[in-house]
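Take this structure, written in structure tokens, and hold onto it; I'll ask about it next.
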Amino acid sequence: MNPLQPPPTPADVKETGRIDAFSDGVFAIVITLLAFNLQVPSPAQADEVGLLTLLAQQWPAYLALIVSFALIGIMWVNHHRMFQFIGRTDQTIKYLNLLLLFSITLVPFTARLVGEYIQQRDATIAAVIYGLGALFIAICYNLLWQHLLRHRELFLATVDRGFFEGTTQAYWIGLGGYTVAVLAAFVNVPLSMGIHLALAIYFALPLRVRRRG
Amino acid sequence: MNPLQPPPTPADVKETGRIDAFSDGVFAIVITLLAFNLQVPSPAQADEVGLLTLLAQQWPAYLALIVSFALIGIMWVNHHRMFQFIGRTDQTIKYLNLLLLFSITLVPFTARLVGEYIQQRDATIAAVIYGLGALFIAICYNLLWQHLLRHRELFLATVDRGFFEGTTQAYWIGLGGYTVAVLAAFVNVPLSMGIHLALAIYFALPLRVRRRG
Amino acid sequence: MNPLQPPPTPADVKETGRIDAFSDGVFAIVITLLAFNLQVPSPAQADEVGLLTLLAQQWPAYLALIVSFALIGIMWVNHHRMFQFIGRTDQTIKYLNLLLLFSITLVPFTARLVGEYIQQRDATIAAVIYGLGALFIAICYNLLWQHLLRHRELFLATVDRGFFEGTTQAYWIGLGGYTVAVLAAFVNVPLSMGIHLALAIYFALPLRVRRRG
Amino acid sequence: MNPLQPPPTPADVKETGRIDAFSDGVFAIVITLLAFNLQVPSPAQADEVGLLTLLAQQWPAYLALIVSFALIGIMWVNHHRMFQFIGRTDQTIKYLNLLLLFSITLVPFTARLVGEYIQQRDATIAAVIYGLGALFIAICYNLLWQHLLRHRELFLATVDRGFFEGTTQAYWIGLGGYTVAVLAAFVNVPLSMGIHLALAIYFALPLRVRRRG
């Protein structure tokens, strides 16, 4: 950006390194613990109905796991992509990043909720809460991103304009997409979960492909 | 500080790096597991009362989560701030840091206690224990800080005087503040939780703003 | 490989470093939580039968723990071996690595399943699922490896031919071996678990020894 | 050691760095999850007996937590001390380190066992198993150390003789001490737990003090 921008000092590198490491830790724990929502059926019940039947009946838990793993995975890639070009941090980044991590740690809870209630009367409520959780993550990313856009001196000198434009666009699409997912949950729960998966696939595509589409 | 102070060797950097990484790991696990205190209501109960009502009744768990996430988050930022300028470590730092991490790992337990008991007869006991847990963390930080103040050769040469004075002052305020939070719990539990939140916000402010106030 | 291949930039190093760190985090959490499948017998029951008897009756849980710890440990060493020579990453590596980590996070679940059902009527189903889980991991490694083979410019310039040949061969043996373990589960459950252990020992041997054999 | 010993290459540094990071991850998870053995008493019971009484009755769980936190903490410092001077790794180190981490992951289980059974008839069995777990860790450290002693070329050139002698001596004392703790458990359970604590304090002392004593 600014050719006179000084390169990050060792203390800067250490500081951004610890934010990366801490965030990676939280992402890694959350993504790993999602699979702990899977229940092992009790042998007593399996003796009557058969283990395979009981495992098959747990399909909502598998669906919640897959959608949530994709959600967290994509969010980790996004975090990675954002922080990769940051050379310096300030206090605000730390606190907005903490808020973002807070939104991430809620996912195993909302995932369990959706897995447990998708076949119940209150499926809509569970899916709306799940969607609100994802929307909360998108809002946190936008808060962090808006702060960074106002402090471009925190970026490495090598970042180009296309990165800023592409990322801004992607984050607005995220806000819009998760709002649609929340609204869709009021109409049809599987549709809402499908939108979550579609958004994860969309965000997984490289920046260039997305902007061409 | 001392212009003749030699820069840290690669072995020093590796050593402090592992303390950072280990501490970040503990902070990340603790902060992530706080959200695992949230319970998914049983579908049987939800069929009678409604899922939304059951979730709303869990408000003490959400309160405990938010206060505790703020507490751990701030403590992580403090840890970060302290170790950022340390160029060398000794055995005492390792053990005092372990003691500090011990105090951090107790928070999910005291948070569950407060979440479970805030509407019960023994709410005061739970809030006092929660406050003592936070005070214990503050004491551990002070022990570590007092040791560092007596061994300024462990710091990088670039640290200035204001950092030492500001940090010392902040830690004394921490000790005082959490003592007040414990005492307040005997009088009024929500007041005590409010003081915890206020302290987190206070510590979140940058050093300069705090000293001006 | 290509003597003109440019060395990795600092941004490349940071990026591969975060993939390593995130993957190490997931592996570390999974391998640690395996031991949480061990149950502490209830004192009431122990008063009648004796603690030692109750602990001895848990042998399937110990077997599942040992086999699974070996499985995850070996998979971590393999991950390590693969990424050690990668100097640059692309988006596809990130997503294939996430898929691989997904397969890893399922192991505590399939391990609990096998530990719980090995003495039940449905032992075969549990062992087949355990084998399919391991086969899924092997497939993910192959997907990642095939991508890397097509993009050798991502490797450090120092990697030699023998590494590529040896690794390719080892991964095909993995695919074959875990397929045999799945098939063996239909015939004899302990045999299938034995094959899992044998495969872990095989992969633990250094490349050179394996190719000589 | 050997003045002609070449300095570690970047690939060596990356490799030892990932072993450090993975091990730190396992240590961090184990040490954090120890506190999850603490139970929040049920409000129903607390209404009758009082929360404070119920919490006080849990003293064996606190004892098990403190002894185990000290055990894992000291073991982490030891791991740190050993790997700090390693410049290069081989496959055997990786597998012996995995075995060591396996022994570490068993501690939350044996700690829960001792916490649950210290006031029961089978307290001796629980304490013996706890001691055997600690002895297993000590054996794993010795296996790793003996391998390193036979491959001193893996160490950085700066390590001096006193380090090798002091560490060897400390590890023999560990083996002997934990054997005594196991034997003591047959006679008196609190005595055995006291020996565990004394050993942790002994290992916490710096090398020089220990050798003078």
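Brief remarks on what is shown
Every chain is named by a letter (A, B, C and D) in the order it is written, and numbering of its residues begins at 1.
Quick note on the criterion: a residue touches a chain if its C-beta (ideal position, glycine included) is under 8 Å from a C-beta of that chain, and two chains touch if they have at least 3 such contacts.
Small disclaimer: the values here were computed from a predicted structure and weren't measured.
Look at the contact of chain A with chain C and you find different residues on each copy: under half of the numbers used there are shared.
In the CA-based superposition of chain A onto chain B, the rotation angle is 90 degrees, rounded to steps of 5. Ranking every chain by how far its Cα centroid lies from the centroid of chain B, the top place goes to C. The geometric centre of chain C is 25 Å away from that of chain D, both derived from CA atoms. Annotation: 36 Å between the Cα-based centres of chain B and chain C. Looking at chain A, one finds that residues 21, 25, 29, 33 touch two or more other chains. By the touch rule above, chain B contacts chain A in their complex via residues 20-21, 24-25, 27-29, 31-36, 38, 40, 43, 46-47, 50-52, 55, 69, 73, 76-77, 80, 84-85, 156, 158, 204, 206. If you check the complex, the residues on chain C that touch chain A are 11, 14-15, 18, 21-22, 25-26, 28-30, 33, 91, 94-95, 98, 101-102, 105-106, 108-109, 112-113, 116-117, 120-122, 125-126, 129.
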